[in-house]
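By written order: A, B and C. Residues from 1 in each chain.
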Amino acid sequence: MSAIDPQASAKPMIAIDNISKWYGPVQVLNGCTTQVTKGEVVVVCGPSGSGKSTLIKTVNALEPIQKGAITVDGIGVQAKGTNLPKLRARVGMVFQHFELFPHLSIIDNLMLGQCKVLGRAKDDAHDRGLKLLGRVGLSAHSHKYPGQLSGGQQQRVAIARALSMNPIVMLFDEPTSALDPEMVGEVLDVMIELAREGMTMMVVTHEMGFARKVANRVVFMDRGEIVEDATKDDFFDKPRSERAQTFLSKILAH
Amino acid sequence: MNYNWNWRIFFEPSPEGTGTYADMLLSGLSWTIATALCSWIIAFSLGSLIGVLRTLPSRGAQRVGTTYVELFRNIPLLVQMFLWFYVVPEILPGSWGTWLKQLPNSSFYTAVICLGFFTASRVAEQVRTGIETLPRGQRMAGTALGLTTWQTYRYVLLPNAYRVILPPLTSEFLNNLKNTSVALTIGLLELTARARSMQEFSSQVFESFTAATVIYLGISLIVVTVSSKLETRIAVPGSR
Amino acid sequence: MFTDFDFGVVLSSLPYLFGTGMVFTLTLTALAASGGIILGTIIAMMRLSGITALALPAKIYVNFMRSLPLVLVIFWFYFLVPYIGQWMTGASRPISVGAFTSALVTFTLFEAAFFSEIMRAGIQAIPKGQTAAAQAIGLTYGQTMRTVILPQAFRNMLPLLLTQTIVLFQDTSLVYVISLTDFLGAASKVAQRDGRLVEMYLFAAAVYLVICITASTLVRRLQRRVAIIR
């Protein structure tokens, strides 16, 4: 076992062990190691092009890696016998550009995975879908189509869609960076509530306010490497690396 | 112009003895429609499959798709028609070849298969373009939900791609319909062939071809109208 | 299956296939493509002129041609061209013009409809500022078109025009229906004469395949270069 933090005695929900990734000759991830334990909220931040979005997409194998290993709930993501669709169904993911399915109504967006992947009956999936829409405050919109909703509403639906699969962990890939500023709050509120309910979360974001409020740990990346992996307080109060200090001063300046 | 017009020619009996010249053209029309529809079924399903192959991550699948498209796009349709009609029965194992050659309406079946395979290469290009214009995140979102590759195509990518490519697909449908006329070279008695025989029997060149022209224009008009109705019906609310 | 293949037939007919057939095919393609592009450009300019009396006939012409099967159009002109000739020369009877002229007229007029759509897109893609800039330095409409807009449109659309020419090259095989001896017609005549349909048609297919794939590879390479320069 390499670099496992001695304090993290709890079983890791996500364990990323020394992974590297190349696009052709360009290395985009370089020996990244970190983990997310059950119930923990980990924020991943860093300048654009630092590899943070790529890192989070390797967790459910949307991006393949060339070196290292990742396990989710003890199951090897790269292992030969792993049923990837089954594993992905247990890992919820929210994308920067929402990626709701434009040809399906909101409720159908929430039912697709439940019916086709989990094999739930339509009625059951419909009820659960409506309940989740209620949780994100969008019950009234169940029969509209994604194109008829605002960006903030679409992203809340996307969160509900991910939750409809009863995930054991949620991945967020810059969930607010494609939103108009006035819509960021409504999405963050849903995420904060989710964190307080104890959901295990890995969140790529620039929203340092969100990190301060609910994160347990912050992972700072630059040029494909994990430069800092610290508790929230350590990261904000005494960042060790110069790169993290520069990043923080820039991002907190506005 | 010293040409003797005779528009009543359509109501005169044709020398085939089974009806008027108008009946002859209508029978041609029904062969044209039957050939166009049957070959379109092949073209649409095979073309979708080939188009999908070209968008899969697997290099092998892409190569199969590309080879198919290159092969069927770079040989003239008429040559393909001859290959299916004259060559394929010869190079099949003996008994199959004989069976094929003695099949009643063999020119119809040949035309359907030939046009189906030919148009499939064009449909494939449209399907591929349609899938490639969708945001990359759509495939990821489907995959992240746990859908298999097949399910992602079936429920997410294809329904959106078909909506995008409906207008060019309509053109391909019409091209396929017009291309049925090439099958007159292997003896299919479709509309153009019938107009041609009417011209030969009656010597009323311009009446025959005018009638065929008007019918083709009419079909185009109907297909375009139906297609734009369909486009409105399947349009997703809230999309531009 | 392939045991009684006789490629000697192909070999001995090569001079006829290429010397007569392919020369015909390439001549027809080259002439019809040049004529089609010139006429197509004129039609495109008519459609974009903003003058209904010019734009409407051009639009009707294009949509009309694009709705008809090429085979039918070939028949039409085969019978119509002698009458047109009579009308143009004022002769007392339809004049015989020969199948080649008839085919050339057909392909030029038919393909012009398709070339005009490409040129129309090409002209429309040139930013409005170019016209404004040309007129600002005092060029007339004709000069603006000739020296500023069309050269740019041609260059941008060259790959598409060439791709359409490859389609035209394949389409010329349809002169078979008026019994002209193009490449396929030549192959077909040998095939019928010697009873060697399998060999001759497979060979014809292979020749078309090689020519078209080579040509479209070259066009793709050109397209990449045009894209970089732009």
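Annotations
We take it that a contact is a pair of C-beta atoms (placed from the backbone, for glycine too) under 8 Å apart; a residue touches a chain by one contact, two chains touch by 3 or more.
In this text the structure is predicted, and so the values were computed from the model without any measurement.
Chain contacts here run in a simple line, from one end chain through to the other with no loop closing.
Of all chains, A has its CA centroid at the greatest distance from the CA centroid of subunit B.
Chain centres here are Cα averages; for subunit B and subunit C they lie 22 Å apart. Centre-to-centre separation between subunit A and subunit C, using Cα means, comes to 56 Å. The centroid of the Cα atoms in subunit A and the matching centroid in subunit B are 47 Å apart.
Taken together, the subunit B residues at the contact with subunit C in this complex read 1-3, 70-71, 73-80, 82-83, 86-87, 90-91, 93, 174, 178-182, 184-185, 192, 195-196, 199, 205-206, 209, 212-213, 216-217, 220. Residues of subunit B touching subunit A in their complex: 135, 137-138, 140-148, 151, 155-156, 159-160, 163, 236-240.
Interface of subunit A with subunit B (complex): residues 57, 60, 62, 85-91, 93, 95-97, 99-103, 112-113, 116-118, 144-149, 161-162, 165. Interface residues of subunit C, counted against subunit B in their complex, comprise 1-2, 64, 67-72, 75-76, 79-80, 83, 86-87, 92-94, 170-171, 173-174, 176-177, 184, 188, 191, 197-198, 201-202, 204-205, 208-209, 212-213, 216.
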